[in-house]
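These are the structures in question, set out in turn.
Each of the next two complexes has subunit A plus one more chain, namely subunit B in the first and subunit C in the second.
And now, the complex of A and B:
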């Protein structure tokens, strides 16, 4: 699973770089527009290790942000799963908060909270929270009649049991959603760093952009892609392990 | 039969569409259409460009110019090479970066004779008379941009070790400066400098600006660029464009044309008040042409060479580009 994700990413990345090189040669473009192999290699040597550190810093924020948003989405999703007035209110409130684009809110967050860890974390959590919430609400609102009927008839159904049944029956869906949200958390953190932070790979990309250095940006994209592939592979592995343990 | 006719019509439309995309049918008007990518959004730093357009100076040279606002994600030099623009505005560091990577870019005119980049500070908090006074201060710089190079050069020349100054990463808002986390903050003296300066002075603050050029650090700012190919293949087009553009800048900074220049900028920049725009124009004039100074568009070769030397010294480029060869000869 993990290996498959890594080689799939490598294939996509190499194809992308190859396409750029074909365009470079076909249109006779300079290294300023599209860097050549030698320029890419020089950038790897110059900034490779620094970018590894930066991307790990970004991943750290993204993981914490993702965990927070999973917790938040589960909490709201469980509260909002019932077809009551309160359930409906929670859902509407959650949807409305998400209606504002994060790039519009981000500057306010940075002004109020500064350009440190908390702002990056908050933006990462906000970006990956909503798709998670939609899925959790969808899963938690959907009864599993075959299983739930027995407990309801015998009067043994409690909300914890209901959540457990619905989570277990939809574990594959939940795993897929959580793996997908890792991308969003990473993207959210990078956006936050790009806009205003002073650390992380997003910040390094911003500096490379100021220096018009596409080679550095390509190196950064590689680091982001490979790190994310490994992280997603690990999440998938954890998901299948949890399912096996639960199924015993 | 009906379907057949429909197919024929569809095929005809597809053929026309294909023909339109592959064949350069040229401008619809008799004028030569050219595209001009600015460095930033339209504001007072582009007054001459919009003046030339609004007053029909391009049209009088037989040109229809599409003025395209710039921004952080726009790069005029890349667009020149990709054929998306014919002319553009770029700062000297962009030009030198591009040359170091083999880009065939040439400089046609230097719009700013003095770099508008300066550092603002509160007089009641710090006293900055020379670069040596930076010692122990927190100075805002945009890492990766020209203000970082300028500041590092200033510090090196003043013999202030980098450990003696805290460089603070500049971001989109001024809160760190206002709240005192940074003692000095980089601004463009003719745009943000005017706007923020007026606001702070209205609030009773005493502010001042530190000008690197006054201490011998000359780093060239905005200049007009084109591709070597266009310059060699269409010299007459380049001359017509440049004539109209420099006439626009010349007129825009002439005090006699103040109202026309303000109206030209205001067409695009509706959020800035007329009073601020007026003060910005006043601050822009000496940057473009100082009394008794060289003509508008003059290329200061010595300043370009100093810019290249600074960039080499701080590792921004890994080889000499001999920038003087890429500057248009008068």
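And now, the complex of A and C:
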């Protein structure tokens, strides 16, 4: 699972770099526009380690933001699973809010909270929260009649049991949603750093952009991709381990 | 009268035609009775109305027993996070522990208690599902194809066991097996297509009990009566 994700990323990344090199050769572009292999290698040696630290800093914010989002989405999703006015309100609100590009309100957050850790965390959490909430509400409000019927008939159904049944039956779906939200959390954090933060890989990309240094940007993209692949692979592994242990 | 459906009117949402129009049927005594009929005539729908899962547009269901009749069907599943044995232990009331052990043995399920539901054959799944209903406190149980995929010999043994252990309970057995219904059931309410009148015809079954022989000629006559009614 983990290795497959890394292979897939490496293949796509190498294909992308190869395409750039083909364009460079075909259009006879200078190293200033598209760097060659040697310039790329120099950038790796120059900023590689610093970018590793930066991307880990970004990942730290993204993971905390994602964990907060998962917790909140599960809490609100469980509350909003029922066909009550509150449930309907949660669904409609989540549907409408997730349709709005949250990143557009990022400047307001930076104006109000400054460019520190909290702003990055808040934007990361907000960007992955609403799609997560929508998925969790969808999963939790979908009955599993073939399993739940007996408990309802015999008066044994409690909300905890209902949530347990629906979570167990949709564990693969929940894992996929959580793995997908990792990309959103990472993207949210990078965008936040890109806009106004003073740390993280997004901030480093912004500096490289001002220097028009594509080599550094390519190194940053590699670091982001490989880190995210490993993180998502770990999440998938945890999901399947939970299912195995739960079904034992 | 133990269970009565009086002037039931019902249609599924979005459907223009009534599935039941002034449907009337009753079961006067406890015992093993049947709802029989071809696919699509509304046996399961009627069972859901009786058990309170569907609400009819008109008419009433009267039941002289505790609560509502239980309704079990053959597609039900046990949760996948524990073995069937652990699940049964959890859902069996304390005063029915001995009954559970007796039924596990009678249903030939001792060997699979440590397995998970998904690891069982369809016949074993149906037997386990039926068993967990039988260990509840109930006055009436609707068995909707509850013994589907179980071999004929085991099915017969299970039905006779149920009849012996629960003589004072009302069972409504839904099955497409005319031999089985004619052999083991007492009152057989044959549901007919929506265009036929009357909608329900009652046929007297052989109500075979443990140790008693069935008169083959009478059984054949009952089967013919059921088929003609349907």
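Assume the second predicted complex is superposed on the first by the 242 of 248 C-alpha atoms of A that agree within 3 Å, B and C clash if a C-alpha of one lies under 4 Å from a C-alpha of the other, contacts with A are read in each partner's own complex, and residues count from 1 in each chain.
Simple rule for what comes next: a residue touches a chain if its C-beta (ideal position, glycine included) is under 8 Å from a C-beta of that chain, and two chains touch if they have at least 3 such contacts.
Everything numeric here is computed off the predicted structure, so don't read it as measured data.
Of the two partner chains placed by superposition, only subunit C is touched by A:149; subunit B is not.
When subunit B and subunit C are set side by side, the one touching more residues of subunit A is B. In the superposition on chain A, contact of A:211 is made with subunit B only, not with subunit C.
After overlaying the two complexes on the shared chain, residue contacts for A:168 are found with subunit C alone; subunit B is out of touch.
Looking at the shared chain after the overlay, A:246 reaches subunit C, while subunit B stays out of its contact range.
Subunit A makes touch with subunit B in their complex at residues 27, 29-33, 35, 39, 107, 110-111, 114-115, 195-198, 203, 206-213. The touching residues of subunit B, counted against subunit A in their complex, run 72-73, 75, 77-78, 81-82, 94, 97-98, 101-104, 142-145, 169, 171-173, 175, 316. For subunit A in complex with subunit C, the residues that touch the partner chain are 146-147, 149-150, 153-154, 156, 164-165, 168-169, 246-247.
Residue ranges on subunit C touching subunit A, taken from their complex, read 51, 70-73, 75-81, 91, 116, 129, 132-133, 136.
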